[in-house]
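To start, the structure itself, in structure tokens.
As written, the chains take the letters A, B, C and D, and residue 1 is the first residue of each chain.
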Amino acid sequence: MNSLDIDKPIIELENKIAEFEKISRENNIDLSNEINMLSNKLVNLKNEIYENLTAWQKVNLSRSGNRPTTEDYIKNICSEFIEFHGDRLYKDDKAIVGGIGIIGDMPVTIIGHQKGRDVKENIQRNFGMPHPEGYRKALRLMKQAEKFNRPIITFIDTPGAFCGLEAEERGQAEAIAKNLFEMSSLKVPVISIVIGEGGSGGALGLGVSNKVAMLEHSIYSVISPEGLSSILWKDASKANEAAEVMKLTSSDLYKLNIIDKIIKEPLGGAQKNIEFTSDKMKEYIIEQLNEYVNKNEEEIVFERYSKFRKIGYNL
Amino acid sequence: MNSLDIDKPIIELENKIAEFEKISRENNIDLSNEINMLSNKLVNLKNEIYENLTAWQKVNLSRSGNRPTTEDYIKNICSEFIEFHGDRLYKDDKAIVGGIGIIGDMPVTIIGHQKGRDVKENIQRNFGMPHPEGYRKALRLMKQAEKFNRPIITFIDTPGAFCGLEAEERGQAEAIAKNLFEMSSLKVPVISIVIGEGGSGGALGLGVSNKVAMLEHSIYSVISPEGLSSILWKDASKANEAAEVMKLTSSDLYKLNIIDKIIKEPLGGAQKNIEFTSDKMKEYIIEQLNEYVNKNEEEIVFERYSKFRKIGYNL
Amino acid sequence: MIKKLLSKEKGYAQVSVNKKFNTKNVDEKFWIKCESCNSNIFIKEVEENMSLCPKCNHHFKLSARKRVNLLIDEKTFEELDKDLVSMNILKFPEYEEKLERYTGKSKEKEAVITGTGKLNGIDVILCVMNSEFMMGSMGYIVGEKTTRAIENGIENKLPVIIVCASGGARMQEGIISLMQMAKTSQALNKLSENGLPYISILTDPTTGGITASFAMLGDIIMAEPNALIGFAGPRVIKQTIKQDLPEGFQKSEFLLEHGFLDLIVSRKNMKNKIHQILKMHGY
Amino acid sequence: MIKKLLSKEKGYAQVSVNKKFNTKNVDEKFWIKCESCNSNIFIKEVEENMSLCPKCNHHFKLSARKRVNLLIDEKTFEELDKDLVSMNILKFPEYEEKLERYTGKSKEKEAVITGTGKLNGIDVILCVMNSEFMMGSMGYIVGEKTTRAIENGIENKLPVIIVCASGGARMQEGIISLMQMAKTSQALNKLSENGLPYISILTDPTTGGITASFAMLGDIIMAEPNALIGFAGPRVIKQTIKQDLPEGFQKSEFLLEHGFLDLIVSRKNMKNKIHQILKMHGY
């Protein structure tokens, strides 16, 4: 089942309403009662579907090709943005974008996984799956942010770090480990927002943060549902069942105290109204940044440390 | 003219003495007067030749295949040594070796260019010409030394950083620049010893140090004599003339206040008696290290800064 | 090939010692075939030889408890948090049963043993992962015990040694397992800021979340010869690139060449090498 | 090809504007052929267009003095150490003559101009290298002026901008030239420790010791399009590898792809882009 399947009954109903309107118009018949009834039904249907998405439906929504990406949010929440490239070591990994942006009137460093918005861009962006150089670029920009006392915003949206030969050769594990290590002592606040897929260590490599928020329909998990079902049940087709037991939705993770905030999406998902989603996101970021203005470096580092220290401590 | 040419008249005389001794022995003739005379002549000849080496002869001596390398000195001056590999980014560059050694009773981090001692090893070591990953390994080990408050010894012996496609692709310039930048603020003392060829930026990449010493017959220059003569005179064969104007010998550089110490080599060069050279070297290192025991971090950084700051300041 | 065939005729055990050690049949067979040199060797001889092949020095897997004994001076090991056991926080199907099964089989309660002890007289913190317990996967108890051990090191100014052996995250604990990567890495950052050395020792296999956290964060990283070390497992990579992997890919020697290991040390020299490094750090 | 031949028949100047600008014949010719798009263009038009090709935006070399005027608000530039001139410390043959010749030709005393000025109203330190003066090579005066400018930035808490254009070390100053790499790099380290931003701008050509020191040390590194940037020059590399170099090798776009540049900025946008970055740093 993909995201289109979720929308299918809604689209059918919308088509029906459009048809009625056309008939009414062309034949000058009053169908307003019928149309009203269907419109009400549509609202209910949307509510029913979108408010009761299964975990697996959310997985698909979080991955859907029209879901807004890091660059889309940057465009919407920043008055200015300059992208900075490269890890200064080996390559500019296009699966991660980063730079300085202005949110409200505050300069921040923004770093995020970047998926493509069409096939061509997806190939260029490696479907948002970074190589080690992506994590090293991210770290470079985080250290730069720390030097100039800029808060850091990261957007998480990756199926995972790339599992290829060259990625292993160049130290995928080292690059992620180093980021976890270095992020944990950054002297500036780091706010992470999972905007789509938060896949495993590849996601966490941008996620050792003071605050971790998730868009309502995004997911965050240790492995993909497909991966889990093939490991545990030797059957990748049971991914939907796997998704249900994994606790990977924003509400699950909020209940588990792993994330700090769920950012509301419009009915049907972020792609239906990116301005709405961006506004909510911007609001959250500004609110958080204002809080950190009065905190000193030690408080910031201590807060972050405590956040992760307690996961599996008081159990 | 190569190093063998320098030794040629000496070897001829040595052969003659051996011949006389043989004749004397086999025929029971007393040739002791002749032999004594020749032996005296030999001492004088050696003195004359080795004390008056031309710059170009020193260039050849510094490059000669039997000149002791970093590993040879490590073996001779350390009671223990453990080599550490890798830049944690891309590769273990065998043109630079590094690790922890014990000199006297002091643990130090030792890093040096490593030339091969035969053709096979030279290929493996890339003739002592590092790629960027060599400089990055060096920097990693220097930062490790700083963390554990270990002094750093570097041995300089390279024709230069490697000038190849991949070296450029992976940022040869960045790697060297980063080392200059980072070495300048290391909180532990750094002592460099030029043991053979100190070639250009590739040498300096291990050379931003509190003290820079040179073995008597080593060289240190901005470019090779061959390179200079081909740039300035469009004629690589004038390298010997170039060497004379370049001021690249230890005594030239001592007079120019670029280096702090000339470490004496045995007559004929370090390879004639590596124990002698190593002892002198060890003596120098221990004497220096003892001085730094009583200096604090600020003094150490300030001393290094001042050393390079004044080159071309009070002119 | 001929050797292999011959040995088959003789009816020797054909499974690798790794698998063998995990089955109840161990005592029923006396012989084993070394997967490296193909020699037929006494199991007992292997066991008495630090689980090394007496012929070719092949490193078979070593249980965590034996590793502790190998590295720590006799009667000096004091285990920490040995009674911490995992709960099924996510209510993941059959997780309790699995834990019970592994506890019974391995006689250990979790996939890591932590404690303090003396290494040739030097006080150290030692954590040893146990690949026999649920593939050495990192649940929150593994993360918690490791973190507490590191914190103990910080408090008592002791060097920390972690012997890694793991298949990665513990699926049954989902995101909680993932977050242990952050938890342990940040503890190591604190250790580092306190100027204390951390030696990471990678053994076969070290993959997944362990590699992408504390395995790769050692001030000094050493590995046993021929250990599998990587982020993604070979099977996953093969699926991704749809090609066979090159010979020796993700083995210790490969990682050394690619700059991710400081040194490869044979099991026999491990204790002395650690001791030498600690001495060089003033212990 | 046909286009080229035709243009030859018309008798237009065939040399590149780079060379042209350095000869006394500049005023004798009106036309020039752009080396990128092959268009025939008025020299005057190029000069009035920031030395950009009006047809294809090709970036011709720009003299240091013009660069200063391009980046700094009118009448706000105060040059520093403008009378420092090199002496022949090594007594290198014909060095004085060479210095004199270049001084005459370029009307500058050394290969770098340093000073303070306002960039869209923001106080900055600006150093601009001059590739017309002895290939923009770094002698001790270049090193000294640059270092003093950086120190001025530290003292007055100003951001530092260095526009690089250099063939590398100054051979005639031997080891003294080499040491300027260390001197400038350590000054930038101090600037960095003072939390002040350094923007490095790479223009055609940036090679040798400059690249291996301050060029690559920018907090933000930008380059003009299609500039040659590298450690070793293409000729040397070709000799080493005995192969032709790949298309675009060591050009700005190549370095961006390989992770060594933050961004490529057209000369026309350069001042505004720097201004935007400085604003983002609180200036």
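To be clear about the criterion, contacts are C-beta pairs under 8 Å (C-beta built on N, C-alpha and C of every residue); 3 or more make two chains touch, one makes a residue touch a chain.
All values reported here derive from a predicted model rather than from experimental measurement.
Path length between chain B and chain D in the chain contact graph, taken as the least number of steps between touching chains: 1. Remark: among chain pairs B-C and A-C, A-C carries the greater number of C-beta contacts.
When chain centres are defined as mean Cα coordinates, D lies farthest from chain C.
Computed centre separation for the pair chain C/chain D is 54 angstrom, with centres defined by C-alpha atoms. Distance between chain centres (mean CA atoms), chain B to chain C: 42 Å. Work out the mean CA point of chain A and of chain C, and you get 34 Å between them.
For chain B, the set of residues touching two or more other chains reads 88-90, 170-171, 174, 178.
Each of the following residues of chain D touches two or more other chains: 192, 216, 258-260. If you draw each protein chain as a dot and join the dots that touch, the picture is not a line, a loop, a star, or fully joined; it has some other shape. In this structure, the chains touch in the following pairs: A-B, A-C, A-D, B-C, B-D. Those residues of chain D that touch chain A in the shared complex are 192, 195, 197, 216, 219-220, 256-263, 273, 276-277, 280-282. Interface of chain B with chain A (complex): residues 88-90, 136, 170-171, 174, 178.
Residues of chain A that touch chain C in their complex: 161-165, 167-174, 176-178, 180-182, 184-185, 200-201, 204-205, 207-208, 220-223, 228, 231-232, 245-248, 253, 256, 258, 304-305, 308-309, 311-313, 315.
Taken in their complex, chain B has these residues touching chain C: 80, 82-93, 100, 102, 107, 133, 137, 144, 147-149. Of all the residues in chain D, the ones that touch chain B in their complex are 87, 89-90, 92-93, 139-141, 143-144, 147, 169, 171, 173-183, 185-190, 192-193, 208-209, 211-217, 230-232, 236-237, 240-241, 243, 245-246, 249-250, 258-260.
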